[in-house]
Amino acid sequence: MAKASNSLKAAVKAAAARGKPALRAIKGEATKLASAKPAAKPGAAKAGGLKPVALKPVPAAADDAPVIALNLPQAKLSPAMAAYFKKCQDKLGFVPNVLVAYAFDMAKLETFVAMYNDLMLGDSGLSKLEREMIAVVVSSQNRCYYCLTAHGAAIRQYSGNPLLGEQIVMNYRVARINRRQRAMLDFAVKLTAQPWSVEEGDRERLRRAGFSDRDIWDISAVAGFFNMSNRVASATDMRPNVVYHGQAR
Amino acid sequence: MAKASNSLKAAVKAAAARGKPALRAIKGEATKLASAKPAAKPGAAKAGGLKPVALKPVPAAADDAPVIALNLPQAKLSPAMAAYFKKCQDKLGFVPNVLVAYAFDMAKLETFVAMYNDLMLGDSGLSKLEREMIAVVVSSQNRCYYCLTAHGAAIRQYSGNPLLGEQIVMNYRVARINRRQRAMLDFAVKLTAQPWSVEEGDRERLRRAGFSDRDIWDISAVAGFFNMSNRVASATDMRPNVVYHGQAR
Amino acid sequence: MAKASNSLKAAVKAAAARGKPALRAIKGEATKLASAKPAAKPGAAKAGGLKPVALKPVPAAADDAPVIALNLPQAKLSPAMAAYFKKCQDKLGFVPNVLVAYAFDMAKLETFVAMYNDLMLGDSGLSKLEREMIAVVVSSQNRCYYCLTAHGAAIRQYSGNPLLGEQIVMNYRVARINRRQRAMLDFAVKLTAQPWSVEEGDRERLRRAGFSDRDIWDISAVAGFFNMSNRVASATDMRPNVVYHGQAR
Amino acid sequence: MAKASNSLKAAVKAAAARGKPALRAIKGEATKLASAKPAAKPGAAKAGGLKPVALKPVPAAADDAPVIALNLPQAKLSPAMAAYFKKCQDKLGFVPNVLVAYAFDMAKLETFVAMYNDLMLGDSGLSKLEREMIAVVVSSQNRCYYCLTAHGAAIRQYSGNPLLGEQIVMNYRVARINRRQRAMLDFAVKLTAQPWSVEEGDRERLRRAGFSDRDIWDISAVAGFFNMSNRVASATDMRPNVVYHGQAR
Amino acid sequence: MAKASNSLKAAVKAAAARGKPALRAIKGEATKLASAKPAAKPGAAKAGGLKPVALKPVPAAADDAPVIALNLPQAKLSPAMAAYFKKCQDKLGFVPNVLVAYAFDMAKLETFVAMYNDLMLGDSGLSKLEREMIAVVVSSQNRCYYCLTAHGAAIRQYSGNPLLGEQIVMNYRVARINRRQRAMLDFAVKLTAQPWSVEEGDRERLRRAGFSDRDIWDISAVAGFFNMSNRVASATDMRPNVVYHGQAR
Amino acid sequence: MAKASNSLKAAVKAAAARGKPALRAIKGEATKLASAKPAAKPGAAKAGGLKPVALKPVPAAADDAPVIALNLPQAKLSPAMAAYFKKCQDKLGFVPNVLVAYAFDMAKLETFVAMYNDLMLGDSGLSKLEREMIAVVVSSQNRCYYCLTAHGAAIRQYSGNPLLGEQIVMNYRVARINRRQRAMLDFAVKLTAQPWSVEEGDRERLRRAGFSDRDIWDISAVAGFFNMSNRVASATDMRPNVVYHGQAR
């Protein structure tokens, strides 16, 4: 782990030396937080005493990439967002780059965080793992590097099954999931690839698989959300935190 | 206009008589507000003294459709949302059905409203009309009835050019728009149809057309947002307020 | 209405002043007829005493577009075609631009008119409205601005339901149509998007929905015809008469 | 099988005698039968009393197919159409099945024939071979068995190059054609596959390749026509005359 | 070149003597030449000293095409491959160009030949005709000129039904084949166009059509093999031997 | 590592206990070899003294999957293949499941191994890493779980860059590779997705990026090979050895 974080620190220093703008150099408040405590994994307690996966020293080509390919200097974090970034740091060991990317504007960051947390962590008939599965099948359709990396890791963590994460990234049809989950993912994929063709028959199929109308809303809203996030990430060449790659393997 | 609102009132009454659940019947607080003051059009002042377009009595088949095809009883509006619905009523003459659809859960409604208003009405290098144009080209790719109807009307209103609204709904390539706007819409369409293929060359094309990096974020974020909303609308069979159809023709 | 026709006349004058070729300037015999009696709507008698919808003064950008983007001087109308253009003028209040576009060659104009009138107005087990619905779903698949505009207006007029016209332009799956009509439109869409995959099973589905073999021919022939017209219109950037936009709203 | 090869040999001899490429002339026994009683349709027992058209002895699987999969009894040929069928018989040695298919209704048959002959045989800046090449690239996109067979044969005949016919049926990009023809076919393919995306730049490319605006109309009209015919043929399972297969090999 | 054209002339004469069209007959000297000095490639002047392979006098555009568009001098044939080429010559009358194309490297040629012969000629529950049918439907999906030509001819030969070959080249859905064969081809087409979507249900459909698990392997392996060969052929612009075009018409 | 191999052994035992057919249960000679020496990673020496990544105990759902979904009992390994399996065991620590899958028939196994080894390990102007990159971009287009897993691991090992493996699995456009490699992968992707559209311009682009004609053959042949293997794997639901997932993270 030490090597990995050294390599990250080196990247930050190198970028700073090159005089790149704040966001590109991953510096400023978020960055300080991010470098303070590398890679304690979220969900690790739940997963039961797993030790951090050792991350190989990553070649420079990968880790000096800016968070996004747009030059948007980071704004001063609002108190709420400063607290939230600190919470990420404390619980995850890092601040997810998507938050760093949105941090050029507090209104945008706050609405993104509010919507994300409501959808992915709020009350729902779908488990958190199921919501992550939807996130990943949508991101796989859209081939979104950021979201596949970050949410693929989340599936590995929530499920305790590293293969499941890989399978849903690559082709969800090979995953050994139950009928209910398959119906849910089929719906999310159809909604992503051909939204115009979703009709009552598709909703009926979900109901027959055991989903309530509220569940159908949640499946749709999560699938919709990642159809948004995938596009913001692809449009800006958003790069995931390197630490995700090694999580929960 | 009288006839149209009569027909709407009739639909509400008929639905109520059938004992449908709150949201399906378009009743409750939002509905009362919606029926109180039919169809004063926003942007009408700007368009300069045009009289309301007369809306033909719409056949029952169309206007007794529920707002969405999910049975989600409306929650009690939070004070902020009650105020917001009243503001919609006062300024638009109705509460957009997308808000009625989200009103089963105040957290979801509030984050949706916050994100929407920041993106579409907040500070940006893109005009409001340009943001609506992005909304409509994305919705045209996704063939989203709700968003094409509501945001097609917005283009007609903001531009004072009813043909422009129709053209962007049908095929934006036929619209007589400037080079900057064409580059913006080409980017939004590519980001919608093939998000994985957006690369630095695409961002460079926007920069050459005069867009700043912040503008590129905004184009991406609006395009992303409607890729989300289109899917929530299609997944739930969301129906636009009938009044949109007649606006700014 | 006055304003609209003024604006059209102004466009014609302006174009003439710029010395554009005949077809581009919408002048000559057809044009004179076209300007003679602005915008009495076809089907108005049938629809029962509806007053003309007021058309806003359309910005210059839209209405000085030439009929097509090819420089093809109009030929002298044959007696039959002169009579037909006069009939259009008398019944519709204008000569549809597609006829103006074909008028550079009488043989082409006459065969087009003969085929169009046989298919769309001749004897058939399909109502005229149903044939227009096929025209519009095909044109929606092909995103043809001319045909969506002209035939979307026809659906609004024939059905007396402006929403139905909008819905079939945008996404026919949201329209509240009967099972027979849905089967018909599904067939037309499949035939448009994947003609190679149409097989006996598809014809059987139409028969089960109540269509005769002759009806199946008519569905196919109308869908085929608009697959032709859409392409001629897109290839030449054909522009619909502005008057269509305001019809039967 | 003997008869068929005899008939082929006779055709080859006759053609050689006239100094034309062999396959243009294919007449003889099959043709005589075909002309004896024009357009008797297979499957006609069901349709009521028409006797099957005699075709060459080919394996049973192929030659007992009806002309189309719809039961539409042939109408009495109008004098004009009777003369036209006779002319086909005299010049081609057979009546093309597409004409037999349309012969259930004289108005439809006559408008089809008029449009076909104007487009494919009338005055144009495009050679007849070039128009056939457009017909086949369009039909290849749409995988239309009838049109690929009939018009693939026409390319073989007009060009005297059997390989050219095969290549345009299979993948026109492998054909050794000149730059002008390649531009023409690229346009026809784009217009077929993505008509909505054809714009001024595409027309400019044709002009730079030497085409006039009238030529561009003709390219578009021929491409449009086969987008119609392909769909009528696929919708009805139209079967080409078997004789086409052996022509001009 | 002289010899080749002599050989073609001889073939034409011989064919004339037999009363067949010239193209059918192409065997004899040309083939002998082909084996005497294997794989002289056109364009070879550049490659250094190889003489062009002689083909029949067909229009210049077609017959001066090199076997592939890459400059890869032929290697000395290994004894096994020399024997194999001789066997092709003796049995087919020519060496298929795909073998000439691979002959720049004996290891590649030998593994290709071994795999091809095992799959297409080895023991299997599928007939050789059925394997050729799979080859052609896959090649039709991929629009591979080389494979459609060579294996289309094989279907005509194995089946004795020239129409069947044409139909599977153009659109296999029109072929009059049995239910088992249709299931087999549907599977091959799905596996070609959307390999990610093949699942247990697809295998079950084959089993219900009478295929064993070993048969399913063979269908998959043949479909896979032509997905490989089609791409090598398209990537290198591989040209089929002209003789294929005339075979078994 | 111990846990992982325990879990694999447990799976083998469990499968054996259930009495599944040979291949499905991963038993027999290949299986014994496979369990003998779990997961010494190839390339580990090169990567420089990294300790094996600990693989979590994988849930039963994943690792008791049969190698393929077809019931094909393994044949007796030929001496050559027995030696080859032993070599895999010694060098990789396991026998790749694709070999186990082909082991029902020695002729098929041997030709597959010969072609694979020639293409991926034989002499070429492309490095082994580059060939693996082609394998993975092709497999990503085809969403092939087996090949993405096995060859994604190979990229991680050969490059010593775990991120590079992930990126090429997810969306190769985000990888920081050089211009030559990008051209190579763009070609492979186009050849996979639209083989019919590859033309001389595409080969010229490779030549300009520094590739020889022999390199172009190799790029094409590797891309072709994985278009075959992906389909055999998808058709049979081939499952990768679990050990790949943890390699070279």
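Lettered A, B, C, D, E and F in written order, each chain numbered from 1.
Following the convention adopted for this analysis, a residue touches a chain if its C-beta (ideal position, glycine included) is under 8 Å from a C-beta of that chain, and two chains touch if they have at least 3 such contacts.
The model shown is predicted, which means the values in this text are computed figures rather than measured ones.
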Chains contacting each of chain D and chain E, listed by label: C, F
Per Cα centroids, the chain farthest from chain D: A
Rounded Å distance, chain D centre to chain F centre (Cα mean): 49
Whole-Å separation of chain centres (CA-atom averages), chain B against chain E: 56
Residue list for chain C, restricted to those that touch at least two other chains: 143-144, 171, 196, 199, 237
Chain contact topology (line, ring, star, complete or other): other
Listing of all chain pairs that touch each other, if any do: A-B, A-C, A-E, A-F, B-C, B-D, B-F, C-D, C-E, D-E, D-F, E-F
List of chain B residues in touch with chain A within their complex: 69-72, 104, 107-108, 110-112, 114-115, 118, 122, 142-144, 187, 191-192, 195-196, 198-200, 203, 213-214, 216-217, 219-221, 223-225, 227-232, 234-237
Chain F contact footprint on chain D (complex, rising order): 171, 173
Of all residues in chain C, those that touch chain E in their complex: 196-197, 199
Touching residues on chain F, where the partner in the complex is chain A: 47, 50-51, 53-56, 58-59, 61-63, 65, 140, 143-145, 148-149, 159-164, 166-167, 169-171, 174, 176, 237, 239, 242, 245-246, 248-249
